[in-house]
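In the two complexes that follow, subunit A is the common piece, with subunit B as its partner first and subunit C second.
Entry: the complex of A and B
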């Protein structure tokens, strides 16, 4: 009974994510409209046979903009989770493995970055550069790599005392070999689970930034920035405000659910 | 023996905090200096005097003619003296501006936190006691759902429901409590509820797992084995221990909430510190940005340090590295 239920949410999450990925790479399967095509005559019109979710304040098809809006979310979400992993994991490995002053310096630098609330640091960094997908990825990486490093470090601390590490050391392996070939594979499952959590939170930060006008710039469609425009027509067009929210919700929810499923799948001892 | 260790730990923790704070100042300073926009231009204004002499004079007055590391040291020295510089927009003392904004945000954060606790403690504890029940599953679905939407979306949905559809509350703005208490509270409800709901989701999850862990621990089993009534075990023994963890968690979330207010205060026009920080960033008001971001980071570092130290003093099981 219980196993079935887990499978259902996982299948649901995989299905949603698959559709969102299709939207990211092949948006034209879902819509024949141009997300930038302006049609002022029909602005803010409700659902119609031509535009089943209605149109926005420039007469652009909302469904079409939702479909094209998947791209920045996915790019920023997975891009920054990946980059944060590439930066955070080696730092955590080195800090945990060598200990002493190396550990101290690396960890204090990470602490300094962790001392800012993430959205605030992201806002501060984004003003330094022009807002774009690349800037968002860079910014969210800076905001999240320290947490990655911390998690890796704490698992390295316990793994380096284990017999198999001891054995590798006794057989004369170099530190780099021990770190990347002996210890890293053993914390891989934790890293993969974290990857999904970071991707989900990166999508939320991207949406917040775009909502504030510091993320994806108009007229490029993005869910967060659609919401910041929709806010002005809050009483007039309900679908305009609800649909981007639903897209963010479904995407983040399915990534979180997949993360949970991965955690259970990779770690059989954590049965609840 | 232990007290000597505790003192050594506290000193070490203090030293760490000082080092982190130094790095924080460097990050803030560098980020703000790298930001585009010219403070000299901002000071002179679009129609001012742009002769080389005047530009040199203004940049000297702002201290921008000195090498960058001197500017940094001067800034740190001034901050330590309690002078955070003057706004480039209106020349007001930034320290004073921020001091006015703190209570505004504090009111919002405190009420949001209380709301979050009022929701999450009963929900978390009850779902732990009834683990696996329908109630537990419903609570878990709701908090999983809430964690998957950005906070501002929750705010937007509340706006639609309460302000647009039901017309119960004004949609945005801020009025000081001393001026008009009723209006202040009316305007407070939605932003506080938004922050509180978002906060509640993670708190509930945390309290639930913490309660389950405590209920499975040996001393609870002993208390039960002694034949104590279930209620006494749950409330006198288990709940107390859960509460200690909740308090530390609240302390740490508190500082994080200052960051969360940036978007929510923006959305509801609640002119607190988050709103002020965002406005200063948009208008490239360097001293104001520096001071407000630094302040939030300092609160964060100090609170974290105090939590760590308190833990070490209170809980003898904590290992002091």
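Entry: the complex of A and C
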């Protein structure tokens, strides 16, 4: 097999995600500060040799808080995209494959979930349960699994009429084989693209929730809540508000780029 | 006559829709014996493929439903089997190859995986044995470099190659009956000949009975032992191929044979059967061919003729051969 030409954007996305994942799991590599250590004397100080991005309104190191802030974003983003996939994909597969009343019941339930405005539903759920990473993952899963279900269902509907599915049936394959070996792999590229879109949008929802004070609670650092506090000091410290924005932007962008690259890479009909 | 492997008796498959009932298969009877090739001919939409799919019970239901008849495989009625038992018949006792080799293979599984599947499922072989068997099958259908091809995806193969793979898959469990639904229609002429030769060769080796669905009378003349001519959901004439070509009785069969282009008579207009196939949802009361028939009599409009015998093994559904 020839070595594939890897696009620059893919390398870029991989590099960014690698760094963000390192920040999530090994934050101490990047900083020796404590994200919660308060030093009121130097509050809102600009870049200095000790704090190269400066400090926030409590004198906490901004770089350190950015590094530690990666964790909730990544956990919520990937956690909810994964959970929504685990719930939505089987439901869509079953609805599309069996059709009839099974399809009707599953799809009407999904429609019911889709009929709520997603952010409002999220706010409602968070006010009922305590705001935490778990609640956020649960909430975002609830608002996004129906979309997975629909995407999978629609591809199943067309795939189950295809010649190769018919041929598999004619060779005596069992329904489980047809569902998981014939149909599901052919939905995979759609699911992967959807996963990347959802992970990215889940990170955005997490940031918005934290920004609104409904997500990660202070003093735990999170990009969204950092933005929310920084907006009060926008005139004094541009770096304070810009840096979490850039982190969110780069992470979301990389995930999307990677999703595209994965889809291309997994397509067996691509030219080798 | 040797024993019949598969016998279809008075099979009826109807499609129900809000606009009415379409009798796609209406009292079709035919049979094949071991090692025999039966050609099923007829124009598009005459029920050839639906009959074949009915045999395997692969009709989409709803709207389709088998409403009557028997399908006997070694004397056992397939219509009385449970879903599970039927799964064990498909691909094992009866297998099928389709018209479109380009789309009949799953693009995401290697050719090897796909051939191994029925072998493991029906013959209960382990992975290693199934692989050896699959490679043996690929070699048997004339695929060079079988070992290497085993690991390739369908997209790196041509149509002819893929049809060979389909045949390998279909024959991998040594079925008693192979249904080939226009296996060469999508291939170009030289490949067609190769595939037909291959099927003949495999038939001689394995003794599999073949039901060859086609609209090409040339293929029938070349390959088949017997032929069944279908029109509008029913078999109008069947018998030994030589009989059918030498002594056709039904006006539709005569028309089909007359419309084969001949190289000898140059510049002559090609014969065609006048009129068009009636709508399956709104069939005439009598013989379905009546409107297009040059020999149409009064009684043809009133009742559907019963099957009558012309000579040993040669049957026809037409009043021209007598009957009331």
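One rule holds in what follows: the second predicted complex is superposed on the first by the 251 of 272 C-alpha atoms of A that agree within 3 Å, B and C clash if a C-alpha of one lies under 4 Å from a C-alpha of the other, contacts with A are read in each partner's own complex, and residues count from 1 in each chain.
In this section, contacts are C-beta pairs under 8 Å (C-beta built on N, C-alpha and C of every residue); 3 or more make two chains touch, one makes a residue touch a chain.
As the structure is a computational prediction, the values presented were derived from the model and not from experiment.
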item	value
Superposed model, subunit A: greater residue contact from subunit B or subunit C	B
Subunit B versus subunit C as contact partner of A:168, first or second or both or neither	second
Which superposed partner A:185 touches (first subunit B, second subunit C, both, neither)	second
Which superposed partner A:157 touches (first subunit B, second subunit C, both, neither)	neither
First (subunit B), second (subunit C), both or neither touched by A:208	first
Contacts of A:82 with subunit B and subunit C, given as first, second, both or neither	neither
First, second, both or neither for A:200, with subunit B first and subunit C second	first
Residue ranges of subunit A in contact with subunit B within the complex	108-109, 111-113, 115-121, 123-125, 127-128, 200, 204, 207-208, 211-212, 224, 227, 231, 234-235, 238, 241, 245, 248-249, 252-253, 256-257
Partner subunit A, residues of subunit B touching it in the complex	16, 19-21, 23-24, 27-28, 31-32, 34-36, 144-145, 147-153, 156-157, 159-160, 164, 171, 255-260, 262-263, 266-267, 277-278, 281, 284, 289, 293, 296-297, 300-301, 304
Residues of subunit A that touch subunit C when the two form their complex	162-164, 166-174, 177, 181-182, 185-186, 188, 268-269
Footprint of subunit A on subunit C - complex, ascending	56, 58, 87-92, 95-96, 98, 100, 103-109, 117-118, 121-122, 153, 155, 166, 169-170
